[in-house]
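Same chain, two partners: chain A is paired with chain B first, then with chain C.
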Partner chain A sequence: MTAATDVITNVDGTPARGSDARGPVRRLPWRSSASSVIIYGPIIAVLVVLFLIPLGQSIYYSFTDFNGYSTTAKFVGLKNYASVFADPSLRAALFFTIVYTFATVIIVTIVAIPLAVILDQKFRGRNFVRSMLFFPAIPSVAILGLVWSFILSPLASGMLNAILHALFGLAPVPWLSDPLLARGSVIFVAVWAQAGWHAVLYLAYLQSIPRDYYEAAMIDGASTRQQFFYITLPLLMPAMLISQVLLTTAGLKVYDLPFTLTKGGPGYVTFTITQGILQNGLTLGQVGQASALSVLFMVFVIAVLVTQMVLSRRAEGRVL
Partner chain B sequence: MKRSRRRSVVLSIVMIAVACLVGLPFYYIVVNTLKTPEQSGRSPLGLPTKLYTENYTGVFHTIPIVQSFLNTVYVTAAAVALMLLIGSLAAFGMVLSKARLTRLLGAALLIGFVVPFQTTLIPLYQDLAKAHLVDSLNGLIVIYAAGAIFCYFLIQGYMRTIPNEIIEAARIDGAGPFRIYWSIMLPLIRPILVTVGVFQTMWVWNDFLTPQVFISSPTKSTLVLQVYTAVGEFAVNWPLFMTMTVIVLVPMVIFFLLMQRHIVSGLVSGGVKV
Partner chain C sequence: MTHRRAYSAALAVLASAAIALSLIGCSSDNSSGSGGTTTLTYFAWDTKPLMQPLMDEFEKENPTIKIDYSFAPPQEQYNATLQKRILSGTAADVYMIDGENRTALIDNHDVTDLTDKPFMKNIQNGGHGNGYDANGHVYGMNVSSWGNGLVINMKLAKEAGMTEPPKTWAELLQLCQKFKDMGVTPVEEALNGNVSPILAALVGAEFAQEGGDPDAAIFSGKSTFAAQWTKPLQTYNELYQHGYATKASVSIDPSEMVNEFANGKVAMIVTGPEQVAPIHAAAPDLKFEYMAVPGPDGGQFYAGSASASYAINPKAKEPDAAAKWLAFLSSAEGAKMYNKQLNAITTTTNFKPTVDPSIQTMADGIRAGHIYWPVIGWKRDQQALSNTLVAEQQQLALGQLSPAQVAAGLDAKLKQLG
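So, the complex of A and B:
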């Protein structure tokens, strides 16, 4: 009965035209369910299996005492969330991750913009300089961390210590074993690895600024400094948004570099949120607590990103 | 005129010096692979007095580095091909369909864009363990398939710039959806496929977190993980470690030289990666 109605009328009640009924509908060929499955199926599977289900699991675990093996998980309310802030190592992780993020965003931006302006000028060896500054962004950060752990080794045989000893007769400096120096070293290596990459990003935007603006400003008697602050910088706003969003997310999610350089030490001074999630959730079996941390982390990352977008939109509106 | 020339010479000297300083760590590791351990201890920055290649033969003898290389090539090639295929198929459907359901799907995919890997990592580990995909290269590929959502967003942005008339013409000529996708759409979006492909290749090839969590046996190790593990084992033998690093860096240098242009354009268009 229903089948017969289907043949006679279309969904919206208009009379069907017999065997031609499918004609107009086929204007979009992938409406046929078989091809829809092939076109949308894989990405839906990715979304569900790799994002929605694990996200649901994380949220669920964060309210239970699940340890990774137990078959029965007990509901514990917000206990895990409270324990995140009570755990000294996780507090240290939160602190260092935020310090690292702020430091890299600010320093890389301060270094990259002038660098881009310089790289935009003509000089001999420019291509070599561009490639060389950009190159640290190519290899794996984990490998770079290991390389730097040898260079900055606190032992007398570490490269930097050996050089300092040869040149100035200095005693070995505890680059990676002193809390303050260790933090500084991690941030320094992060800036070294990323500044060139972000300079090239700014450079791409710089090159799209019409030369006429500068000519007009020059005729009006603007100094180089005025040109930089009143033309270049405002027009680099979109690039700044992209660069800082990238740096912020990379900063909040940072793991490879501090882990390979210092293993999070000495103590927990360069411990990161990601390392905390891994250690508590996979090594120590505190899945509930690690999940609570990972959920908080997600909320935090999204909040920071949204704030950044809103603020820079507003700033952009004011400048342009 | 004269002033500007002098300025450019000064700029040139200063910037080349800066570039050399930035590149110093790379010089340091390359130079030390050609020295004996005590020689590199005595003069870490000096050039080697005579060519010493035992570090290189040593690495190939002690570490399954060829195996790791092949593992990395397999995982990277399969994962990147898979995510480009999934992402471009979805983008294709999405760009051409105006149905409400597909628009809803587009919004849902944003979740995949903002949820950090850290938040799904622990459940993913347990799920993959249940599916016997932990400590397996194919398991890694499954994890990396998540990158399809990033590919989707970049590809659909590019696809919207392709004139609809081309698709219409093909449709009138009787081409089915997959014929249109394969013979018309894919060749037209080649630039973005290269850009996104280069971007994702660098991600998968260089990734440390995923293999560290999901791979435990040395025979299934990727290059980056292999270097990390070996450093733990050969902590005292620095030249050996540096030699390994150089061997791992060589493919990346070649890749960089060949793809520099695409990496930069990818950096600009891929800037939205969250």
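So, the complex of A and C:
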């Protein structure tokens, strides 16, 4: 009978598959299993309790008329799913959520990369500037929304309107009451709040690019612009993938910023899907419909993210 | 021995977690404390400093009852918290029923029938018709009503030549034109997430003139929003068509509106008594008065309704104590304290409230029932319809929808809700 530390060999004396000629076959001892349970158990328990069970409940409730007050719920089939597509406010919410996501992803990327390149240079006060640009990422987004609602107030006494009037004699601009300007204002504040954080992310990647590449490029006569497009940008592709995934997920689930700025108005122009889910589920007691909306949205978000990652990886592969 | 230690440790951790979880799940027994004291649980949306004097007086009159107070701010957060507590069986003995949650609470039997309770004789009409009743039974006890009216800057009004409040809608529009000619914004509302009180008052005046219960007719299918609401919407829209009300109203909050009024930039705003103190604080020398919204045919109405009411949990641990608390709130003494502490316009039959002189006229109108609020008049799906109305009235103010389209939109939403 072989002991746990014996080498297992084939008939011709060569080490058997799975065995190591330098040492014995290692069987998993009992204490490793117990350690694994202690280490991974709590994490798995949290995942099950806080994610899988609520997910399962949401999917179940999406097929019922559960209203959040009664403990009984009747099966209604696909009625909740049909009502999601029939509700004009939710269609408007989907449109703005997509517009918001695309706009913030593109504009933040366009702003953050050059900002990171500038922050990578040496200049006086660089650390202070870096801190100031990162600052909007610290406070709660809801607080930022409240502050900006004061700045962008459409009244003549609104801060920005008062400044514009004092400097240029302009009439009050309806920043938050005109539909197009309201959407633009929400996107502007979102870009302002996120650009600094993503610039710091890009900065970290920039600082890991070997200086040799730039030195070699300079020797070859490459201009600053050429160095940016042929060295910096391609080597930032991994950072861009991370940044854009984060921006996409943040954009698709956005709620607090548009809500504090405009409460989803005027009309439904800045109404978001998450606001629709919360409104239906918490305020209206239509938990069944809110669950159907959240299941549909989850599928949509997964599809968007998978597509994004596939396309990004391909682009990364081609460039690198 | 090493693997035995690991397993012992794992078992110890699991056992501790199980004990901790079971303790978290335990609820304390509030039914009685030591010495025969009864604990009454009360989930409020009025802050503790406001309610404390009433609770202290009640406990003084009922030495064996102690009130266990908990709070959530109105309305969405309060209703969401109440919903969770009812579902988990931890709801208080007494809580609030409001216009948005009343249908769900009544339909799910989460409120006690108060119809024949002795304290209901202190409530106007025994609570019938206050909006917290259904099928002849009353489920909420309201001790006050709230109202919103037009607040007018009396200095600017005098400059515009106003000698008495406008009695008809046409007179109001003429007054607005004078303010506009003076270079002052005539009217400003706070429509960011709110139904227009002017629109609500106009609908109320229209319904009062028509008689009957037009809301019941709409919800029973005998009438429609198009038939009942188009005319008041057209009247209301004249403010925006003529440029008397600023379109910025769609995205401003009450505090911004009050600031503009206190700074003399706006002649009239629409708000309730809760803004009396802030206006006085912002502009101590400003003379202002509240007045009704005059209807096209001379009716004088305010936006408003019975305030959120007190309800008893059918599964209350202390139903007798809960009844005593409601009896105290509706008593003359309780109403007096309520009026003083919350600046509320109490509507009990046993006490006439003292109010700021600037809102005396409005208080009389509210106590006389010249108030209307859509959410209270509507029979079901109040919040969903209210959300639709808020969005559509914003679009109406911006000129994106016509009055007929707004009314049709409400009909479409009601149909969609089934």
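Here is the rule we go by: the second predicted complex is superposed on the first by the 275 of 320 C-alpha atoms of A that agree within 3 Å, B and C clash if a C-alpha of one lies under 4 Å from a C-alpha of the other, contacts with A are read in each partner's own complex, and residues count from 1 in each chain.
The rule is simple: contacts are C-beta pairs under 8 Å (C-beta built on N, C-alpha and C of every residue); 3 or more make two chains touch, one makes a residue touch a chain.
Being a predicted model, the structure only gives us computed values, none of them experimental.
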Exercise for the section: Check whether A:68 is in contact with chain B, with chain C, with both or with neither, and answer first, second, both or neither. Expected result: both
Handout entry: Residue contacts with chain A in the superposition, chain B compared against chain C
Key = B
Exercise for the section: Have a look at where A:133 lands relative to chain B and chain C in the superposition and call it first, second, both or neither. Expected result: first
Practice task
Could you tell me if A:291 is touching chain B, chain C, both of them or neither one (first, second, both, neither)?
Solution key: first
Exercise for the section: For A:47, decide between first (touching chain B), second (touching chain C), both and neither. Expected result: first
Practice task
Please indicate which partner A:282 is in contact with in the superposed arrangement: first for chain B, second for chain C, both, or neither.
Solution key: both
Exercise for the section: Using the superposition on chain A described above, determine whether A:262 touches chain B (first), chain C (second), both, or neither. Expected result: second
Exercise for the section: Identify the partner contact of A:94: answer first if only chain B is touched, second if only chain C is, both if each is, neither if none is. Expected result: neither
Exercise for the section: Scan A:38 for contacts with chain B and chain C and give back first, second, both or neither. Expected result: both
Practice task
Considering only touches as defined above, state whether A:157 meets chain B (first), chain C (second), both or neither.
Solution key: both
Handout entry: On chain A, the residue positions that both chain B and chain C contact, one per complex
Key = 29-31, 35, 38, 68, 157, 282
Handout entry: Contact set on chain A toward chain B in their complex
Key = 28-31, 35-36, 38-40, 42-44, 46-47, 49-55, 57-58, 61, 68, 118, 121-126, 128-129, 131-136, 138-144, 146-148, 150-151, 157, 159, 162-163, 192, 196-197, 200-201, 204-205, 242-243, 245-246, 249, 252-253, 255-256, 260, 273-274, 277-278, 281-282, 287, 290-291, 294-295, 297-298, 301-302, 305
Problem - Footprint of chain A on chain B - complex, ascending - result: 8-9, 11-12, 15-16, 18-20, 22-23, 25-26, 28-29, 41, 44-45, 85-87, 89-90, 92-93, 96-97, 99, 102, 105, 108-109, 111-112, 114-127, 142-143, 145-146, 148-149, 152, 171, 176-178, 202, 205-209, 213, 224, 227-228, 231, 238, 241-242, 245, 248-249, 252-253, 255-256, 260, 263-264, 267-268, 271-274
Completion exercise
chain A residues touching chain C in their complex are 29-31, 34-35, 37-38, 41, 67-71, 83, 86-87, 89, 149, 153-157, 172, 174, 176-179, 182, 262-268, 271, 279, 282-286
Problem - Partner chain A, residues of chain C touching it in the complex - result: 2-3, 6-7, 9-10, 13, 76, 79-80, 83, 86-87, 100-101, 104-105, 108, 110, 192-193, 246-253, 256, 259-260, 263, 265, 381, 383-384, 387-388, 390-392, 394-395, 397-398, 400, 416
